Each structure stands twice: as structure tokens, then as C-alpha cells.
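Next up: some structures, all given as C-alpha cells.
There are two complexes below, and they share chain A, which is joined by chain B in the first and by chain C in the second.
After this line comes the complex of A and B, so read on.
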């Protein structure tokens, strides 16, 4: 029986806030092939397309047949521990703060021997499951836990370094009017979030879900107009240092054509909320979150940008909206670069059209807001940097990666 | 004793190592590697009487020489050489440098080769060395706890203990004997006596390794000259005759965890080429960055069967005057590890031992000496292994 980690005590204000430290961040180009897999929560290693041999550490040719055709492809993640050790002393300041660290040599079923950080209940000879994770430097590492037993590794502080679990964390949802907000607040609280603050713009306007949100308990509705710098600044002065996970959910979805005179106005409105709104949030919340990235169990942990798949390719009939999404994706990349070294994960969540009023005319499959909410929480708990939610999004990812022109033409038909 | 032919290898023809030089190590140095190379050259000149301008070959090993390559040392120290080698095999560099230089000497490509290993140790050098040790290490080992070589050897030690039922006490006997030897070596960095209890009670570093299983990184240099016998005699010098050598890289790649090194593949050639057997060896210098690798060498170099090192260690006295004189300087474990010079330490001591010039650490009557090298934990195991046999007068 695993007891859930207790909520950390209130912070002693006289105590120094631990400054973020970086684990060793150097990697080869080949190793960056694992970064994408880690970002997406996949376990994938270099696999030879000529002889199928799986190789690790990352190489530039297959050690069996010398083919250069190595693809990072999903592989079975089971293995057996050959040796476990406890590192008591490390020369790296980041690990000196965290020791003891458990490290194992593991023979993977798919072939290679790997070195991994392992959960403390791992011992020589046992079966384990390995996962690729991004560490606090944003670089790929491998973590392993016993194949049997608790699937949750939260009790291991080394695991908590690799994920952005909402447990005991204070969250801010920036646009409560997004249909995702209610299920997202629910999912965060179900995952143990200490508090969910939900920003509502123009509160005099009817907002049917306010009562439902408040009924969840531990939810606080606050004024937040992303289009207004003073509004964002005011909220940050109260909540900036108390926001551990910021979830930017701005949704401003209006159909429109680039030939329409009204499109310019729509684009301005949409940009004000989505992209400029993100910039305002970054300005007022970013620096304090960055400085709190190693504030132990109370640390700032993640910034989530809820994006559309049409950030990658303009959606016919939704020109302005698509542009805001493309701009927001660019913002997300900029934010990730600014947050580097802080330990604050920047998570992009891409969805296809959701099951909402504005998209009533679209045929299924559409993604339910509750599914988006649950996957955001799952991605945070898994320490991911990128998640594609729903069948349409996954279909888009595959086809867009293979041939963007094919899917561009196909969208014309819809 | 005549050299025997082994396979297709040519015996070494009248090749000698002379002028053994060991600089006194420093825990931290304010001087760069280039300074230590200069000091080693001065030592060679003092020991041989041959001016450095007469050395037409240079074989260099260093982790901390950057950005300089070996060739830069010719201009730095005013040498005009016709042969240069740069050894990047860690603790096997010394063995490899002898092998390369000996054949070049036999061919007449070069007449006098200065074999030098030198490394500095600034206050943060060692961490930086570990962080960028190799691509595989940087990508796949170091980010997982940054335990460095300690963590890699902890796994080898774990697996070896499990496989052969070896205990910490068994490893401790090696370390304690070497400390006793170190107390007779004025250059050794460790100057305090150490008991088995001290060893067992030491601060844990990376389980099961404790403080005294790990070498102390230091700054220092080791050096010697390699030349043909005729050159040596012309200069009125004496030296250690090169009898045989072996070298192997990435041996037994399919062993899940390393429990043997490349020596096991080549050991028959080592003794066959010299026409001797392990029993004939008077003094042994193994590569000892961790005691587990010493045990592997005892087995792989034929001093005891595989897996029986623990018994071998308890049946023998490994001190200078003991039944099996081993790492007579105290080895790296007690003398310190001066970077790449760690692999030269045993070679230089072997030259001194078989020429009767080891002074306070001299094994009485030593004529046949073995020095071994091991290096480069590129990922999960040491890749390089090698060994040489040197003979003194009458061998």
C-alpha cells in the first residue's frame, strides 16, 4: 500500500529559495533523436532499417551491419537489471543537491544495455520498465521502475524532477471561458492540485459554468482579461509567486476568410487574447516562475499552451484563428528557450476541432473537452513537452510529418 | 634468454626503456599540463644526460593538454622530431606508446623516443573531464546521477562480487597492501597508514565503493626514454629490455557486464613471446584505478584462475617484500592518479625495478617485471587493455 505524498509544509519565508541548477546538458546530435521521443512520452531507440538491430547509446551507424539508416522508433521497454548502485557522492552541483541517486545497468529485451536512473525499489535481477524522460535541462534521460508494483513513482524525488505532477501544486487556468476549463479544473483537482485559480474575462457577461467551477471546491475565480495589460499585471502581483502550473487556454475561435474586410478586426481581437495575451502572461508571470523552478516540492513546474493542430497549417475558413495558433506555437518555442535551465517545463498540447458550439457544423470525430483536460494532466504527470490529443490530431501529426502538401490539399476538400 | 617467436609476431629486437622519471604529484596544481611536460623533459635530461634536442621522437599522453596537440610541444620545448605519437587510450596509453615506439625504433624511423604522460589538475579539472569524457558517456551515462567512473566501476564491482562471491574485505586486502607500499614511496600522495578496518569503514562513495576504492585525481607526470640497445650503450646507459607486449580494444563486447579484459585473449602471446611463464615474474604492476580491475588482471594475466582472485589475494602478501610484490609504488590507489600518467606509473616503476634502481620500493633481485594498462570507460566498460614484460640484466 503506497501512501500518497503529504502536502509539503508551508514554506519558511526566512529560508533561501533554492536556485535552479542544471543537470549535465551536453548531448550529441544523434542523442537528440531521443529528445523527440521523450518529449512525446514514447520509448524509442535507434533502430537499424537494414538489419533491425536496436542500438544504444545513440550512434551514427549500426554496429551490426554499419548501415547509416538508423531511425528512432518505438521499442519494447522491458528489461532486467544487471546491477544497481547508489551514488552517494557526485561532482555535479545539481546531483549533489539530490543524492543519493540510484543508477542501474539494465539489459533491455530489445537488445542494448542501458544506464538509467531507477526507482529506489529496483534491485539486481528484477524486471523493469524503462521510459525516456526529459530532465531539468530539457535533455533526454532514461528512468526505470519495477515492472510489477506501484505504477506511480511519485515517492521518488528523482522522478519528481522529471515530471510536472499537479499533486499539491497551485494551477492557473487563464481562460475560464474555454470549454476545457471546467473539466481541466476537475482533472487537476483529481490529480491532487492544491488549488486551481481560473481567470474570467469580463465577468459581467453571463458565464454559465461559474457555479460549477466554484462547486468543485479549491477553485477560485478571478478577473483576468488577457487583452488588458493591467489586468494581467494585477493578477500576477497577487498570484505570480503562487502559480506552479500555468495553463494558457485562450480560445478565440471565429470563422473568417482573408478576403473579408472584417478579418482584420477578428485577427486583431484574436491576437490580443491568444498571442499578445501569452506575451502579457510571460512578462508578468514568467520571471517569477523561472526563478522558482527548483523551489522543491512547491516549485514552479510547467507552463501549458493549449494549441490547435492548425498552428502548423492554416485551416481553410479560419484564417485569423490559425494565425493566432501559429503565433502561439512560436511563442511557446520562445518561452521554452527562455525557461531553459529553470526546470519549468513548457508543454504544447495540440488538439483537433473540439466538440463545442462553434464547431457544431463539423462531422465527427471531434475531441471532447474532457478528453483534452485528462490528457493535459497525463502529459504533466508524464513530464512530456508535446502531446497530440484525439484521433484527428494524431492523424494530422502523422500525415503532416509525412507530406504537408497532401494534408494541405485534403483540407481544401472539407 | 632467447626470445621466442609467437605466431607471426616479430620478437622485439634490442629495445630498451631507460631514464625512468616520476615527478612528485600534487593534489591540485596551478600549472598547466604543458608545464608538467616541461618538467618531465627536464627529468629525462637529468636522468639520461641526453639533451632534449637529441630526442627525435615524442609519444605523448594527456587529457588536459587542450587546445594543444602533441606536435605543439615540439615548438614549445624547442625539439625537432621526426616521429610523433599521441596516445588517447587513458590508462592503456603507456603500453600502447611502447608498442608503437618500439617498432619505429626497430625500423630506424626514430632513434630516441621520449614517452611522456602528463596531466594537470586544476580545482575543477576532474569534473570537467568526467562531464565530457566520451560521447557515449556524455549522452547516456553522466546525465544519470553524474557518478563518473566511480559509478561505472561500482556496476563492474557489483557484478563481479555477485558472480564470484567476492567481498569488500577481499578488495580491501589489495588496497591495504598498496598503502603499505606507498608508505615506502616518498612520492606517494597518501602518507597515512591504512588498516582493513579503515578501508571498510571509509565514507561510501558509490555503493559498494568506498573512499579507499577510488583513486585521488592529482597533477603529475611520468616519463621514460625508449631506444635501441646500441644507442643506450653509446650513451653509457642501462635500461629495461622490452620482452613482449599485448594490446586489445573492446574485447568480449557481448559480456553483459565486464568481468574480464582483453588480456584474457592475448595472455599466451605475452608470455610466449618472452619465453617465460607467470611464475617467472618477479614484480607486477597492474592498473589499479579500482581494486576490482586489479583482480581481473590477476586472473586474465594468468596469476590465478578466473574467479579465484579473492583466494589469491588472501594466500599472498602483496607488499614489496611479500610473496607477490605488486604495485610497489602504492599504485594509483595510494600514489594518486595523475590523469593519463596513471597508466605510465606502473611502467616507470617496472623499469626501475628490473634495473635495480627503485630505491626504497625495490623488490630484492627483481629481474622480470610486468606492467599492465587498462583504459577508457567509453560507456559501460573499459575498452583498452595491454601489458608489457621488461627484463633486467641477465634476462
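After this line comes the complex of A and C, so read on.
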């Protein structure tokens, strides 16, 4: 039976807020090969194209045949623990807060014997599952937990350092009018979020979902107009230091052509809420979230940007929308760089066309807002930095990575 | 009369203002973000609401000074509609705010109180019959006057002010025949309201649709909307000063509307 961690006690206002510290962040270029897999929640290691040997830690040449032809490829994540070491004292300021730490020698089924951080209930001889995670420095590390037993590692403070679990956290959804907002609030609360604050723009306009959101309990509807600096500033004054997970869900999707005179206005309106809205949020919420990255168990943990796959490639017929998504992706990269060292994870969630009224002319497959919501929560719980939701998005990722011109031409045919 | 007593109209007015015999009443809503604006279906072009973005506020962007960039649609907050705003007024001379004769920017007002009716019926339509009863009490509406419909709607805020539901806005306004009559039979300067438009919230379902816009602007007349404090004005006798920004070919403009009221 899973015993859920109790809600942390309220903060002692007489104590200094712990400043964020980082684990050692130096990695070789070869080691960065694991970062993408860790960011996307995959288990992949360097695999020799010549002899198929899997190696870890990352090297520039295969330790078996010395070939330099190594790729990072998905591998089975099972293994057997050979021995476990408990570290009681560390010289690293970051780890001094976290000792004791347990590290194990693990014989992976895919070949290499590795040293990895393990859950406290791991012991020599037991079977484990390894996962690639991003640590507080944003660098890839391996964590292992027992193959059988509790699938939830939340009881381990070392695991909690690697993820942005909504459990007991206070979340802010910035655009409550996005159809994702209601299922997202539900999913966050189901994951144990302490509170979900939902921003609603122009509350003088009727909003049918308001009653449904309020009926969830632990949901607070607040005025938030992402296009209005004063509105964002006012909300940050109240909730800035109480936002642990910020979910930027701005949606302003209008069809349009670059040849249309109306496009300029549409692009501005869309940029106001998506990209400029993100900048306003960063200005008013960013600094305090960054400073609260190590604020005990309900620290600031994550900033989620809900993006379209068309951030990568303009969608014919949706020029302004695609541009806002591209700008928002650039924002997200800038934010991640600025948040480095704070412990606040910046998560990009890419979706294909969603099942919303603006896109009713599109045939399936379209991704359901509830699926997006559930995958956002799963990505937070897994500590990911990038999640592609739905078959369309996953197909896009593969084809765009392989040959962007192929998928560009294919979009012309649709 | 002594040598020192003023005799010129302006000197008399100056003295009256100084003595408080003539008061200045502000009929303007504060231009601020978050205020309701006209709503169009989202696939159509949208008017910008009020935005105020700080340039600097005694900070690292400007240590000793505070200023903002502001943006808004021409039809935001307390604003004036010029004839060019509506298709019926598109070919008229001097139909935009920059060419509006300045002599029309100071004009008398007739204030028709329909606040009681509006309080019980959000879709209340003011009729010719209603205004004729007002005339029976206060005299005929003089040509060149503003006709201001007092509904006390400006006391409402936010959602109650916009009063939107699934069938659109529900706010009081003039009916179609009244608009034709005010323009053709009374030659008014224009019509002013406390609501978001000169037309009723459901005015799009009248014949012709949006009769206030249709008749006023087709005849080179003006609209004032989102006015406030009409309850502070007498039925007759107030002098309205309403000078829009001189926007080139502007279809309208937010403006400060003030009334001179004699005590």
C-alpha cells in the first residue's frame, strides 16, 4: 500500500529561506547525449554501431571495440544490484542537505555495470528499474528503484529532487479559458496538489466552465489578463511567492494568412497573450519562483509552457498562431537558461491540433484536452523537460528530427 | 452695476465658475484596463481594451520620471462615435473626429431619466411616446442638443455592466422609431448613453439593426457612450463639453466629457 507523504508543515517565517544549490554540473559533450533522453523521460545509453556494446558512463569511443561510432539509443532499463553504499557525509554543499545518500553498483541487463543513485529500499541482489533523470543542475543522472513493490518513489527526498511532483504544491493555470484548464485542474488535484489557482481574463465575459472549476474544490478563480501588465503584476503581488508550479496555458488560435491585412492584428493579439504574456509572467513571477527553488518540500518546482508542435514549423493557414508558438518556444529556452541553478524545471509540452471548436474542421486524430492535462502531470511527476502529447505530435517529432523539409512539404498537402 | 462687475459672457462664466454658481461635473469613466468593451464574434476584428504599460517609474528604466505607453481602441471607455464609424455616414463631409467642427464640442443637453424603467428591465427600449412625455414636462428638445439617456447603468461594474448572456448583451437603449424621430424631427446633435453603445444591447435585432448608429451617423450626428454621473445633471440646462482627440480620420475617440451645471 502506498502511504502518501503528509503535507509539509507551514513555513517558519523566522527561518531563512534555503537558497537553491546545485549538484556538480560539469559534463562532457558525450554525456550531453543522455540529456535529451532524460528530458523526454526515456532510458537511452550510448550504443556502439560497430559491436552493439552499450556503455556507461558516456565515452567518446566504445570501451569494447574502440569504435567512435556511438549513438544514444533506447535500451532495456532492468538490472540487478551488486552492492549498495550509504554516503553519510559529503563535501558538496548541495549533497550536505541530502545525506545520507545511497549509491549502488548495478549490473544492467543491457551490458554495463553502472554506479547510480538508488531508492533507500534497494539492497544487494534485488532487481531494479533504472531511469534517466535531470538533476537540479539540469544534468542527466541515473536513478534506480526496485522492480517490484511501490512504483511511487515520492518518499525518497533524493527522488523528489529529480522531479516536480504536484503533490502538496500550489499551482497556477494562467489561462482558464483554454479547454485544457478544467481537466488540468482536475489532474493536478488528483495528483495531490494543495491548491490550483486559475486565471480568468475579462471576467465580465461569461465563462461557462467557472462553476465546474469551482466545484472541484481547492480551486481559486482569479482575475488574470495576460495581455495586461497591471493584471499580471497584481496577481503576482498576492500569489507570486505561493506559486510552486506555474502552467502557462495561453491559447489564442485564429486561422490566417500572411497575405491578409487582418493577420497583423491577429498576430499582435496572439502575441499579447502567448509570448508577451509569458514575458509578463516571467517578469512578475520569475524572480520569486527562482528564489524559492529550494524552499523545502513545497518549493517552487516547475514552469510549464503548453506549446504546439507548430512552434517548430509554421502550420499552413495558421501563420500568426505558429509565429506565437515559435516565439513562445524561444521564451521557454530563455527561461530555462535563466532558471538554471534554481531547481525550477522548465517543461515544454508539445501537442498536435487539439479537439477544440476552432479546429472542428480538421479530421481526427486530434488530441483531447484531458489527454494533454494528464500528460502534463505525468511529465511533472517524471521530472521531464519535454513531453510530446499524442500520436500526431510524436509522429511530428520523429519526422521533423529526421527531415524537416519532408514534413514541411507534407503539411502543404493537408 | 459697478465698473468692476464683469459683463462679457466669458467673464460672467469665469465669475460663475469661481463663485461655484456654475459647477463642473465630470461625466467620464476612468480609462483603465479590465473595463468591458464592445464584444464581436471572435473570428471578426477585435477592438483593443485599455492597456497601460510602464516605460519607467523612478527606476532603472528612468530614475527620476514616471510614464506609460497606453493603447486602446477608438471606441473604449467614455468615447465619442463620429459619423464615419458607421457605413451610413461614410460619405458625409467632416465625418471623422479630426474634422468634427469644434463649435459642436460645446452643446446643451437634455437628460431623459429612464433609470427606473432600466432598473426593472435591462432590455428597456426608450420610445417616442416616452420622450414626448418628457417634452410635455420639460419642453421641446432644442435643435443641436445632446440627448442623454440616464439609466444609472454607469453605477454597475464588470459583468453586471456588460450584462452578457448566451444571447448577447442586455442593456437599455433607444428603439428604432425614436432614433429616426430624434434625428429627423428634433435635429439633435447626438445621443449619449451610460452603456457600452448608443444602441441597446439587443439593438442588432431591431429594424434597422443598430438604429442609433444607423440614423445618427447617417445624418452626420454623434454618439457618446459609457458616460457616467448623468444623475448629477438637470433635465435641461447643462452645457456639455466633449472634445475628442484629433485622430486623423478617426472613427471615434475616448475623451473627457464634462458638464457645466448651474446651481
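One rule holds in what follows: the second predicted complex is superposed on the first by the 414 of 414 C-alpha atoms of A that agree within 3 Å, B and C clash if a C-alpha of one lies under 4 Å from a C-alpha of the other, contacts with A are read in each partner's own complex, and residues count from 1 in each chain.
FYI, contacts are C-beta pairs under 8 Å (C-beta built on N, C-alpha and C of every residue); 3 or more make two chains touch, one makes a residue touch a chain.
Note that the structure is predicted; figures quoted are calculated from it, not measured.
Participant: A:246 contacts which: chain B (first), chain C (second), both, neither?
Facilitator: So A:246 meets neither chain B nor chain C here.
Participant: Let me test your reading of the model: by the given contact rule, A:115 touches which partner, first (chain B), second (chain C), both or neither?
Facilitator: Once the two structures are laid over each other on A, A:115 reaches chain B alone.
Participant: Could you tell me if A:135 is touching chain B, chain C, both of them or neither one (first, second, both, neither)?
Facilitator: First partner only, chain B.
Participant: For A:57, is the partner it touches chain B (first), chain C (second), both, or none of the two (neither)?
Facilitator: Only chain B is touched by A:57; chain C is not.
Participant: See if chain A has more residues touched by chain B or by chain C, and give me that chain.
Facilitator: B
Participant: Output check: A:231 vs chain B and chain C. Expected answer is one of first, second, both, neither. What do you get?
Facilitator: So A:231 only meets chain C here.
Participant: Quick check on the superposed pair: does A:206 touch chain B, chain C, both, or neither? Answer first, second, both or neither.
Facilitator: second
Participant: Touching chain B in one complex and chain C in the other: list those residues of chain A.
Facilitator: Residues common to the chain A contacts of chain C and of chain B do not exist here, since the sets are disjoint.
Participant: Name, in rising order, each residue of chain B that touches chain A in their complex.
Facilitator: Listed in rising order, the residues are 126-127, 130-132, 135-136, 138-148, 150-151, 154-155, 158-159, 162, 203-208, 256-257, 379-380.
Participant: Spell out the part of chain C that touches chain A in their complex, as residue ranges.
Facilitator: 33-34, 36, 39, 42-43, 45-46, 49, 51-54, 158-159, 161-162, 164-166
Participant: Using the touch rule from the top, collect the residues of chain A that touch chain C in their complex.
Facilitator: For this pair, the touching residues of chain A are 202-206, 223, 225, 227-231, 254, 262, 265, 269.
Participant: Under the definition above, what is the set of chain A residues touching chain B in their complex?
Facilitator: Residues of chain A touching chain B: 23-24, 26-28, 30-31, 56-58, 82-92, 94-95, 99, 101-103, 105, 107, 113-117, 124, 135, 137, 139, 141-142.
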